[in-house]
Amino acid sequence: MTDRPQASARALDGELLGRLDRRRPGLLVGSLASGVLVLVFFYCWGYQIANGIGVTGINRPVFWGFYIINFVFWIGISHAGTLISAILRVTKAEWRRPVTRSAEAITLFALAIGGLFPLIHLGRVAIFYYMIPYPNSRMLWPNFRSPLVWDIAAITTYIIGSALYLFLPLIPDAAVMRDRAAAGLKKRFYAVLALGWRGTAQQWHSLEWGIRILAVAIIPVAVSVHTIVSWDFAMTQTPGWKSTIFGPYFVVGAIFSGIAVLMIAMALLRRGLALERFLTDRVFNNLGLLFVTMSLVWGYFTFAEHLTVWYSGDLFEKLVHHVLLHGDFAVPFWTMVVVNLVIPVAVLSFPRGRRPLPTALVGCGVLVGMWLERFLIVVPALSTPRLAYSIGDYMPSWVELGIMIGAVGVFACLYFTFTQLLPIVSVWEMREGWRHAVSGGESGQPSEAAPTSAAASPAAGGGAA
Amino acid sequence: MTAAAQDHLVEAAFESVEDVRSAVEAALDSGVAASQIEVRSPAPLEEGELPLAKPKSRVLLFALSGAVLGGLTAFGLAAGTALAYPLPTGGMSIVAGPPVGVVTYEGTALGLIIMTVLRVLWEGGLLPGRAIRSGRGRPSDFDRHVAEGRLVLRIHGLTESGAEELRELCRPRTVALG
Amino acid sequence: MSSGNGKRGEPRVTIGRRDFFKVYAAAGVAVLQGCRRRDQELIESPARRSTALPGASVWRRSICEQCGAGCEIEVRTVDRLAKKIEGLPSGFVNRGGVCALGHSALQELYHPDRVTEPMRRGSSGELEPVSWEEALETAATAIAAAPDATTIVAGAPSGPLLGLWRRFAATVGTPPPVHWQPADALVEREAARLAFGESTRPAYDLARSDYVVSVGAPLLDRWRSPVHFGAAWAELTADRRGKLVQVEARHSLTAANADGWLPVRPGSEGFFARGLAGLLLGSGTVGQEGRSAYEALYPEAPPDLAATVERCGIDADRIERLAAELASARRPLVMVGGSALEGENGVAAGAAALALNLLLGAVGRVGGVFAGVDFGFEERLAGDATAALPPAALADRLAGDGDSGVLVVSEADPLHGVPGLEAGFERAGTVIACSAFFDDTTLRADVVLPVQTDLERFQAVEPDPVRGVPALLIASPTVAPRGEARHPGDVALALAAAAGRALPWPGFQEAVESALSDAFTATRAAGDDASDPAALPASLIAGALNARQFVRRTTDAGGLLGTEELRRAPTRLPRDGGNDMPSVLPDPAARAAPVGPAGVESFTLIPFESLKLGDGRGANRPWLQELPDPLSTVMWGTWAEVATEDADRLGIQTGDIVRLTGTVAEIELPAMVLPTVRPGSVGVPVGGGHADYGRYARGRGVNVNALLDTDRRVAGAGAFARGDLRVRVERLRRPRRSERPVIYGRGLRQAEEIPVGWAPHVGGKA
Amino acid sequence: MTRWGMAIDLDRCTGCEACVVACAAENNIQTVGEEQAREGRAMHWLRIERYYEGEFPDVRTRFMPVLCQQCGAAPCEPVCPVYATYHNPEGLNAMVYGRCIGTRFCANNCPYTVRVFNWFDAEFPAPLDSQLNPDVSVRPGGVMEKCTFCVQRIQAGKDEAAQEDREVADGDVKTACQQSCPTKAIAFGDLDDPDSEVSRWAESPRAFSLLGDLDTRPGVVYLSGTEWREPAE
């Protein structure tokens, strides 16, 4: 009775390794193409450093522009991975297994880019380290009352946590890569990453403990990160920002946009690496349900946010509200509502909508929508200050656009490279899942991670030698 | 028996846990101590799958102490430095509770995470310069089998004859033997 | 830097202060009489080395010559560089205040594109640096060759410097200089001559009045002395004591601050004054004396209310309310100036407005109008030279097709003020420009003689008689001149000498001192006889033993300051006094029809001087270019003020490029749609569109003066008429990015769409 | 203890902007040029806000000079991560240019929008730089700045008083804007001294704080005989 699942697991194992072994020229092309954007990114940033922050379109009163929008956007994206994978791990959702690695990688890279934007944004980036607490000749420590310093604390924690959270489960897979690689540079690279992982019982035991603790610890960190990002706005007196709802609103928005990226990345990986057998329809279905839920929650928050302003008599709040809903920002605002709420709900409510292609397309829309949301948080509030005389406008410069597009390139490049170098699907977690399926098979019910098609599929993937 | 005679090693790769279990059981039956047996698996084994003692871990303890350490450090940074170099704030508090709380919170989490990982690496012998007890973490040609998804059974400290005996025991279900 | 011809240690009396200055400037120690250190109130002796420590502030008194107001200032200098201008708290006119233009004199002084060496147009057609001797010789040769064909244009305000140019003209044998001055100043003098019998700009006792009607006078904008009038306005309106009502087509800064604004139809100001007189006469509150004085000047009955309403475009009840309030005021006062005087009927309009003061009994009364009096130092330096010519005389001199002869332009930019003169300049044989900048006129010059700016020069200024008290203000240079720049007076004297007709003084300072000395002698001689025009009030020379002591005391004290006792009423000359005074004032109703294209899009153009750029003088200072105009909030450019109502009809939005077509030219500029503009009029500030004038002015904005027709004159005043010009307004396009007006209050357009009221909160007390 | 404060009588302000230029001259404020000004980057520390009331021909224009209000409870201060803006013991919101890294957070949290930013390094083509006030630094690009209440003049006033061995008297310190105001619409001095001119003005029944309900406790008091409540444009 155990033979068949056992055999199919073997087959799948072989197939997965085969998929990961196969070099995809598309990936290389992608890396190179995005590498060009990386150059654009650094050229624009270098140009800005050389010439001054004035090469941007920001002005008085719109002191924050694309950089802060992108900062919030990328930090939001970063909630794709760590938070989602942690929640799934903590809740022991079996269908997480093929998802976690790609999600965590998204987190790390998005976070690295997101964390770069505040630096890009600085007027004097050369002395950014003034914000870092360390004993110095200035006899001055950072001002811990500033939400920006909370940001630094939170993002530092989050980026270290995410990196470790990505790295820890990667060790066994690095060992797999090491042991399957021929001797040489490649092997040495994986050997360094694997740190001497052998897969002993003690190692597995400690690792499981570690992952369990990290998963629990990273959730409140992730929540705090985006809450604190929201406090960069909500702690001010600025009409349109001063809102108690911002913390949870941002967290929800972050998870929402994170899932959107995850959906896109998984659809691409599934297609590009032919991982249909692992990133199954069921995974997409489950993620799609989560997605539409977040869309609804986001919609609820948006409604609550604007309802309270609309109902209040506050002159200045109403002004911001006015330019958003009816004024200069009405087009982006209503676009945002459509792509973030109307379309996701319309598409994802149906099982057929929760398939890879539709979810990825919806995800693209949501990405645009969530970017617009950040834009609509930052710019309208700043451009309509209390004293109407200073009302302003904002048009980004080519440098800001270049850095924004370049950042996408940096992300893609990192992600492509990562995919090329390391298993984008966690091998050992899949194996663990199949083992569960094997043992769970005793009751005749294949567990979630066990591909339902596995039984029917011939062991064409080939057993190992 | 001399010491030299007792450093023989048997390595065997298996496709399934069941195979390993029967091999381990056979080995134990043949008088090999549990401490001589090392199983390398491509994925974590569940408790009781093998008739071996469960490994011990103090990750949680270290995680909690890391949290305390991190929290105290962050608190010291946020509150202590402000007091050490007080700047005029125009009547606002120099050390304000909530901001210190936020920073302390993040510090706590950071300390916890870092200590957790360090402890995991420590216990797994993954830190540079530290290996687990006698040969347990050494590389082996059989690691390749682990990478391919098989399990590897390693029995240390055998005499030559004992090793041969064990090889025979394993042979029926094994994929590779050495 | 001059090596100086005096030697240190020589007896002081034989060396002028200017020589001393040269000596010490060369020695690297700028020490001047009249300077004082703030911390010890020390008048430093020129015989000793400076005690000014490096980096220490030294405050020097000076006079602002940015306009003719004559504000006294103190200049903070550190290490011989001027740092900051402040109003002298005891300032004769300004009482500690300075205006935006005054502050910016520093940027004129230190402008990176100053002309600091003499230049001459070489064989290549380019201006090349030459020595002063060569430049003067070239210029003097041209003048001496044809003195009759030489036209001098002097831009200095009335006072000693203009007197010197007049003397120059008389000595060298050229026609009298053309005094390049604002049209409304000239017209105002003529109107005052007609109404009050004295050809000076009247003094208004605004501060002590309780109801002021200003007919077009932009007293809080850029007119005569904004600092003086600003302070006087503050006193007038303090605690809501008095009121200011502005009768002006444009919503100027004055109109914006006035308690009432009557936007009369442009060009109808004189008619309005007559109509107001009619209401006052009918009210029965006017005294018999005023009535007869007025009716003697205007025997014809004034227009009735209906005619006034019809002609001026103001509701009857507003005019009636104004008349009633004016009639019931204790110390009413009527002022006139600005755009009211710039139409072809400007003199008649000005006289009609000023005559209201006769009707109201405001002439010579506290809180009323006084004569604009001075010490006559222009005449004292001019000697018996003929009076200067009005600006329009320049157009007459340049008329025809022949060679325009030699043009000497000193501190004036006629080609920017009246671009229509360009053809005449092109036909000129030689153009000699005494200028600190390559302005539009200097660009055409064959010889450029660099002149010093305010703070570099010895100053002797008769301030605008806004206070009705005469004064002569004198100040020593504050800083060393840049490059080889010279005092324009010294340049005139050097030119005369080079032409072989030397004047009796080596320099401008000596000329002024000589005039002071002569005045002392004349005053001594006149004794108690006050009728001698050459004599000063006796009290001013009291205590001086001899002329030399008087001169020294006067220059040390910073000039001659008259006292309140010298204030007097203007004297209406007897009608049969054998002068050229008309017995009856011209009727402002008789007015030529406005010229220009007709049709629905025909607007009356109101060119005005913004407080930023003035007549264009301020255009080369970055501080002023970047100063938002207080009403339109525009920086760095020229704009057209269009009424909301007109804009809606023509589909014009703020920022749209519009074309204004006049009779002789057209200009394109961005529109500012403002709710304060009188429909049917379009306001455009002058001062933009310089061909050069330094990097901050070059090509910035457009020059609305290009629309002026040089054939149109203010009747009887010899001034170009820039009022009453009709233009066609067309919307051309949305602006390209680089054409958009630079608006400081950018969001105000959006704010209009706000459905709720919008204003800063009234909060609790601090 | 001194608490520097300013009172501005709006009924006296004509909007002539002499103060704006005086401020630029005193404080080495760079002019940014046409292109930058068009982008909304003009750097005036003091601006004259213009508001309209009513419609033609009964339209009224009102002016309000707005500068850093030197708040007692300044929203800009706590948000700066590097203490580049902090509270001076005499009630000024001091800017320490050297510390500023240019996050511009302070400017966003200023309800009066009075902070300006050096988008580029300042340019003063020679010899315009001869005019620069040696008591005031020229700010580098990437740094926030704003009205300082002419802190260099405050310091000079204190130095002078110390030299003469006396306390700083009311009127010893004049800000640049105050000094050049033709209508004397600005008073400056110690708000903690009940006899100072500024304190007396602040006691006026016409006195109010700009956006007073935010309770930023501004050091600038406005005086106006009419309430600023009507819809303005």
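Chains here go by letter, A, B, C and D, matching the order in which they are written, and residues are numbered from 1 within each.
Criterion: a contact is a pair of C-beta atoms (placed from the backbone, for glycine too) under 8 Å apart; a residue touches a chain by one contact, two chains touch by 3 or more.
Predicted model only: the values in this text are computed from it and were never measured.
**Q** Using each chain's Cα centroid, which is most distant from the centroid of chain C?
**A** Relative to chain C, the chain with the farthest C-alpha centre is B.
**Q** Relative to the centroid of every protein C-alpha atom displayed, which chain's own C-alpha centroid is closest?
**A** D
**Q** Can you compute the centre-to-centre distance for chain C and chain D, using the mean CA position of each chain? Integer Å is fine.
**A** 31
**Q** Roughly how many whole angstrom separate the Cα centroids of chain B and chain C?
**A** 91
**Q** Averaging only over C-alpha atoms, locate the centres of chain A and chain B and give their separation in whole Å.
**A** That gives a centre separation of 29 Å.
**Q** Taking each chain's centre as the mean of its CA atoms, how far is chain B from chain D in angstrom?
**A** Measuring from centre to centre gives 64 Å for this pair.
**Q** Provide the list of chain D residues touching at least two other chains, using ranges where the numbers run on.
**A** Chain D, residues with two or more chain partners: 40, 42, 47, 49-51, 78, 83, 211, 214, 232-233.
**Q** Note the residues in chain C that touch 2 or more other chains, in rising order.
**A** Correct list: 745-746, 748, 751, 756-758, 760.
**Q** Taking each residue of chain B in turn, which ones touch at least two of the other chains?
**A** Answer for chain B, listing residues that touch two or more other chains: 92.
**Q** Can you name the residues of chain D that touch chain B in the complex?
**A** 72-74, 77-78, 83, 86-89, 91, 93
**Q** For a test of understanding, state which residues of chain D touch chain C in their complex under the given definition.
**A** So the residues of chain D in touch with chain C come to 5, 11-12, 14-18, 20-22, 24-26, 31-35, 37-38, 40, 42, 44, 47-52, 55-57, 59-61, 63-64, 125-134, 160, 163, 176, 179-185, 191, 202, 207-214, 217-221, 225, 227-233.
**Q** Where on chain A is chain D touching in the complex?
**A** Counting only chain A, the residues touching chain D are 51-54, 57-64, 118, 121-125, 127-128, 130-131, 138, 140, 142-143, 145-149, 152, 232, 235-238, 382, 385-390, 392-393.
**Q** Which residues, counting only chain B, touch chain A once they are in their complex?
**A** 15-18, 38-46, 50, 52, 54-57, 59-60, 63, 74, 77-79, 81-82, 84-85, 92, 96, 99-100, 102-103, 105-107, 109-110, 112-114, 116-117, 119-121, 123-127, 131-132, 136-140, 143-144, 146-150, 152
**Q** Per the contact definition, I'd like the list of chain D residues that touch chain A in the complex.
**A** So the residues of chain D touching chain A come out as 36, 39-42, 47, 49-51, 66, 75, 78-83, 99-105, 107-109, 111-113, 115-121, 140-144, 211, 214, 232-233.
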